[in-house]
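Next, two complexes with chain A in common: one pairs it with chain B, the other with chain C.
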Partner chain A sequence: MADGQFVIIDGNELSFEEGETLLQVAARADIEIPTLCYDERLSPAGACRMCLVEVEGSRLMQPACSFKATGGMVVRTQTPKVERNRRFLLSLHMADTEQDRERAEDANPSRIFDLADVHGTAGCFPKVEQKRSGRPQDVNKFIEFRPERCINCSLCTRYCEQIEAVSAITLAGRGAETTISTADAKSLTDTTCELCGGCVAVCPTGAMTEKPALAYGKPEKELEKIRTTCNFCGVGCQLDLNVDREANRIVKATSPPPGTTVNDGSLCVKGRFANDFVHHEERLTSPLIRQEDGSFREASWDEALDRVVSGLQGIADRHGEDALAFISSSRCTGEENYLFQKLSRAAFRTHNVHQCAAT
Partner chain B sequence: MLPKNARREEVLDRLEEQGGLKPGVVQRVHQETGVPEADIYGVATFYHLLAEPDVEVRVCQGLTCKVLGSEALMRDVQSTGTSACYASCLGRCDQAPALWRAHHQEPPLHTGLTESHSGLAIDLENHKKYKLKALQKLLAQGPDWVLGQLETSELTGRGGAGFPAHIKWRAIRGQAETERYIVLNADEGEPGTFKDREVMLRRPDLVLEGLAIAAKCLEAADIYLYIRGEFQGPKQAMRDALTRLQETGLLDGLNWHFVDGHGAYICGEETALLEALEGKRGMPRMKPPYPVEKGFRGKPTLIQNVETIACLPAILRQGGEWFRDLGKTEAGTKLYCLSGHVRRPGVYEVPMGSTMAELLDQAGGVDGNLKAFSPGGASSGFLPASEVDIPMDFKSLRDAGSMLGSAGVVVLNDTVDMVEASLMQAVFFEDESCGQCAPCRIGTQVIRQTLERYLESKDVAVLAHLNEVMWGMGEASICGLGQAAYWPLQSAMKYFPQEFGLEADSAND
Partner chain C sequence: MTNSIPEIRDADFLFVTGSNTTEAHPIIAMEMKRAVARGAKLAVSDPRAIWLTEIADWHMQLKPGSDVWLLNAMAHVIVTEGLEDREFIERATENFDSVRETVLRYPPEEAEKHTGVPAEMIREVARAYAGTKKAGIYYTLGITEHTTGTDNVYALSNLVLMTGHLGVRSAGMNPLRGQNNVQGANDAGATPVFYPGYQSASDPDVRDKFSKAWGVEQSSNPGLNLNQMMKVLGTDLKGLYLMGEDIVISEPNVGRVEEALNHMELVVVQDIFFNESCRFADVILPAACYAEKDGVFTNSDRRVQRVRKAVDPPGNARADWQILKEIMDRSGLEQPDYQHPAEIYAEMASLAPKFSGISHERLNADPKGLQWPVETPDAPSTEYLHKNGVARGKGLFQAVDYRPPFESADPEYPLVLSTGRTLYHYNAATQTRRSEGLSGKQPECFVEVHPRDARRLGIEDGQMADVVTRRGRVRSRVMVSRQVRRGAIWMPFHFPDTKTNALTTDAGDAVTGTGEYKVCAARLEPRTEEQPEQVFPGAYAAIRV
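For the complex of A and B:
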């Protein structure tokens, strides 16, 4: 904290660190300032204007997301002018995207309506002609962009650039035609995109959404989130399975909010999209043992493990321990890999052990 | 996160070299610069001259051209099978209705001018040029003397904001950072404005000398001249003049960089201009920090309009007091662009604060009966004929709820419907909004749509929500474009309420 440096926000004297924004200082004091285009992981865009607050001595309201605190600054976040601006913007966004909440939230929740619950609107403005183009010819299987929902907050493009360092998407066009595009409006699969789906995760309005979930047709708000650990690799990313309880079905996976888990709001293509195996009819649900004639029969875990042990021991007996090698899957965690090398070295006395992600 | 060694600043030039956004170009520019393909595409689609490379003719739909027949001109052009589109103001309001052909040598334009005399700071008709006397005086007397003269002169920025020049200069002198830049804002595009075009064509010596003075005074070595892409003639005049002046040796040690604009009005906003110089989409930055502190490449940068810079030699030659006393209500002489329903459209240099009536005299009088005028570009809105005695300076016009802006004065006679005139300005702002912030991007659309609906229905009820939208645009937009984009409508409703089906005064709240 800067020595003796304070800002006064809504009458509260708050200390701050050099370079901190008003939003950061306010958040520490639990003063909530609404935002649509802010993400603490990204450089602020200042584009949505929801976070405008009054700063004494400044003719115009200032964006709390990027305006830096300085000593003695007096800030007000709940004046009639500030609230009027919030209502104006929410009405404006609804006129530009969708004014009916149910339609707006057909797949993903909309932050516009959540904020309207708190701050209200300036009434129903006439519908604005939609000029943003989409990419209907994009053949990727996972990510859908619905331009009519887009508020040009640039969270998706900033995420793609600043977190993933992929830069597959960009703000394109100008003015009312500004939209989200790839280079030459190609399919995401023809770009540097890794289909991590981070654009979907950061989108406040459901303009970026999951194609499979969209096809499933149930709004996210009607799904139950069940926290689990992704088992595609050993990192330990947390993800929320969005489950349709009635149908006992995983509809999609979402990332927990930034700052709450090890993956800080991110997932990769596998964690976010590769969950269709769960309900696949050919999924293995019990061990199978190959029989003499080459066909498989179901077995218990005990029987299957005994079979593995006897097979491995047989090789060691006949050809020596170094005839064995142990290679663990990249899906194993650090702890599992530790146990695995124990198995190799202590039980079978060989150093022939490797982890497939190590190469 | 830009890949290491990526050369973003080259992107716009390379796109231009390759003929704009044509198949395969994005990939080639990516290979040449290392900038991600998507970023290059995002940049190319922002600038109309790059995004629409196959358009041969651009027909101006600025206010002046629109009232003087750009629609008929468009029909003529299209009837010949030429690919054409409308463009925002082309800076040829004196030739209205105007058009522009890409890659064509433009014929010299004939425009109305003030006759040369000794009481003019710029003096477009003066042919005694290329002496660099002011620069020599700076070299003899030093930067502090220059700053003193600048302060005494009370010179304010002629691009539109009217900010005192000496404050900017002093702020840069006070920076600890020694890597500094000088940028000439020659991206003239405010509807009704064509003065910088004439200054560059007729007095490039003054502009270059002014830039050299700024560079020497602020200890900058690199000067960037950002010239509107359609102004190939003025750019050539500047290049020729530079070659001549460099022969004197007085410009040694200065690096001159000519940069083309690519068709985006918003790049006249100084921080959007900086983004363009850095090879990005021209979206204004949030301020603070201001360019005097963090400008081009994050370094202290002086950005001045062509006319402002062109005033410097006279100020140093004749003294700050001399310049100050040239004005009537504020300092200096001022270039006013007169177009629309006047008999002799042109660029007139008269004392700052001359009245509108005096300007009309200069331009040969009104063609028809004066109804309204737009004093300083689209953002300044409209004033009624009854305001003809208003001094045309920054303060008087601000007090009247308008602004001097770029002093692009558009004169309208009583054949003009003010709802239609408001719509013309609304179309301009919608086309030229960068799209970054919601109030401007959506608000400009709302205004344009509402005016179209009103013209169609004449139902005053469609105007109901406008006050709230105008309020929000003014309070919440990031830059001046959005903050002023509703002024034409608001002023038209204020002074001509009956044309909007309103009672007098009902639009004044």
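For the complex of A and C:
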């Protein structure tokens, strides 16, 4: 802390560190300033103007997300002028994207409407004519860009550049035609894109969205989120499986908010998109027992389990327990691995138990 | 990992060795990218020009299997230039002198001949590593999947110990676990040498404790590790129970494994799909996948986190824990009437002091999970290990000398084949292959060949070729790429139509039993007959970027 350095935000005297923005200082004191283009992990873009606040001595309002605190600064975040700007911007964004909430949230939730719930709007503005182009020919199977919902906040392109560090997408075009595109409007699969879906996760409007979930057709708000741990690599990312309860179906996976879990708001392509195996038609659904002729037939659990137990016991009797081997998997849970080695060591008295991956 | 994933972003020096982090651990790689963006220095040692080398300050593109030469030469620089942390060595370690003597025989100039890495670069990296406080080492299968895997790990840990990079935030020795719950399966005792919580199976007192807890006298016969099991399959071993593991695609020298499986009296496969091993099964038990059951996974940084049931399993499939309980009951070892895996965890925690402070209840309350050791119900996570000195008394230096890989290139097999994984698939790919979008991005196997080697052999990009080793022959598409060194080729092992592991050797590390997937001698034979159409031509262009 810079000694004796304070700003006054809404009457609260708050200390700050050199280089901190007003937004950061306010957040620490639980003073909420609405934002649309800000993400704590990214450099601020100052693009949406949602975070404008009044700073004493400055004629224009200033963006809290990028305006640095200096000693003695007096800031107001809830004046009529500030609130007017918020309502105006929200109406404008709606006119520019989607004015009907249900349509706006057909897939992902919309931060515009969430903010409107809190701050209200300036009424319904005439619809703005759309000039942004999309990439309908993009053959990738995971990520859809809907240009009519883009507010050019650049969260997706900044995420792609600063966190995923591949810069597959950029702001392209000028003025009202500014859109999100790839080099030469290629398919994402033909670019450096790693299909991480981070651009979807940060998008405040659902302009970037998941193709499979879009095709499924149920809005995210109607899905139940179950927090779990990814089952692929050893990072242990936390993710929310978005479940359609009635259909017993995982519709998609989303990442928990930044700062809350080990993966800090990110997922990789497998964690976010490779869940379709769960409902694959080739899943095993019944115990199978091999017949004399070598083919398998379906069996009841009772029969299959008895077969396993008598088979294992027979071998233990004939050849000794160390003629058995138990190989488990890091794909199973800790509890299951515990029971598995207990099965080997206690039920069959052998230490011949190992998991498949030694690293 | 001695340290934690979130600490990586604050590191000042990263030494990434034998880890294609952006593809195998994308989210850890993100933290590395952040550290580099902040100004951290990055040294990569890898035979391939992996993505991270694009942002690295140094790429030590060593010959496959020459790691001990490289690491000992770094240690040589440190001890000859007096860069070691004397105070730490004195206070917290043992046996430094033997390492000192050994590494004196590994001068960088000699190392250059064996590794292909310029001596000057070895010096620079060694100095930077020794001279930076927050300097962490990150490694994975590129270090361990060798016959000298244990040696490689010792050579790395010697570097860590002599520079005192232990018990320090953002430093340490960090193996990145390849799979979601490798750490957790080890923790739970799914290894022949340890009971849950790393209690030695060769210690009579420990066996006594478990004899009492489980009410069954514990065997004093040592168990077999995976590699040893594979060698006596069908001879000493007559019965095999596979839970969630497809040995026919993931074990090296698959031809021999398949042959041996035919001689088993009983093979039980418990899995979610009809995998390759099912072809040899007598009984197949349908299991629930991770989204259909409760429990915990433990990730690379010892973080225990909850797995939660989101949907019901299909048909009659059941969670593995339910199946295992039934089997034990029927084998005459009546189990408690577990209603939920929380109770199983509690049983394990009561027997393993490292986890005794962990419970589902605590995990449910903390979205960041708990990093063991956590020994009491109110003890916090252990973010990094060895904070108060090295665990188990003193850090033991282990001098290691270079030993060549099991196979080297020769006139008949002039290339060195390494295998690995890609971003878009996962191990046997039973899950990822069933994703349309992932298969679209990477539909089939490929073998990376250096342009010079390709030209010499008259092979073109995209052409089919046979990869041949002493053990087998598989056909694959060729991808001409500068990612590999001259004389080296590289293949992923995710594709069952291209059984990469029919090629690899089952020579294993003597201690861990891990197979040498990273080095075997091979040759390439271009095929000129009809070429199957590329399923998705764009895929290659994209991988190459």
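Operating definition for what follows: the second predicted complex is superposed on the first by the 283 of 359 C-alpha atoms of A that agree within 3 Å, B and C clash if a C-alpha of one lies under 4 Å from a C-alpha of the other, contacts with A are read in each partner's own complex, and residues count from 1 in each chain.
Rule of thumb we're sticking to: a contact is a pair of C-beta atoms (placed from the backbone, for glycine too) under 8 Å apart; a residue touches a chain by one contact, two chains touch by 3 or more.
As the structure is a computational prediction, the values presented were derived from the model and not from experiment.
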{"item": "First (chain B), second (chain C), both or neither touched by A:Thr191", "value": "both"}
{"item": "Contacts of A:Ala165 with chain B and chain C, given as first, second, both or neither", "value": "both"}
{"item": "First (chain B), second (chain C), both or neither touched by A:Gln24", "value": "neither"}
{"item": "Dominant toucher of chain A (residue count), chain B or chain C", "value": "C"}
{"item": "Partner chain(s) touched by A:Ser133 [first = chain B, second = chain C, both, neither]", "value": "neither"}
{"item": "Touching partner for A:Pro63 - first (chain B), second (chain C), both, neither", "value": "first"}
{"item": "Touched partner set for A:Asn12, first chain B, second chain C, both or neither", "value": "neither"}
{"item": "Chain B versus chain C as contact partner of A:Val243, first or second or both or neither", "value": "second"}
{"item": "Chain B and chain C footprints on chain A, overlapping residues", "value": "162, 165, 191-192"}
{"item": "Partner chain A, residues of chain B touching it in the complex", "value": "1, 23, 26-27, 30, 36-42, 45-46, 48, 51, 264, 281, 286, 288, 430-439, 441-446, 449-450, 453, 462, 465, 468-469, 471-472, 475-478, 483"}
{"item": "Complex contacts: residues of chain A adjacent to chain B", "value": "44-49, 52, 60-61, 63, 66, 68, 81, 84-85, 88-89, 91-93, 95-96, 122-123, 125-126, 128-129, 131, 151-152, 157, 161-162, 165, 167-178, 181-184, 191-192"}
{"item": "Footprint of chain C on chain A - complex, ascending", "value": "139-142, 162-165, 187, 189-196, 211-212, 226-238, 241, 243, 248-250, 256, 260-264, 266-270, 273-280, 282-290, 296, 301, 304-309, 311-316, 318-319, 321-343, 345-359"}
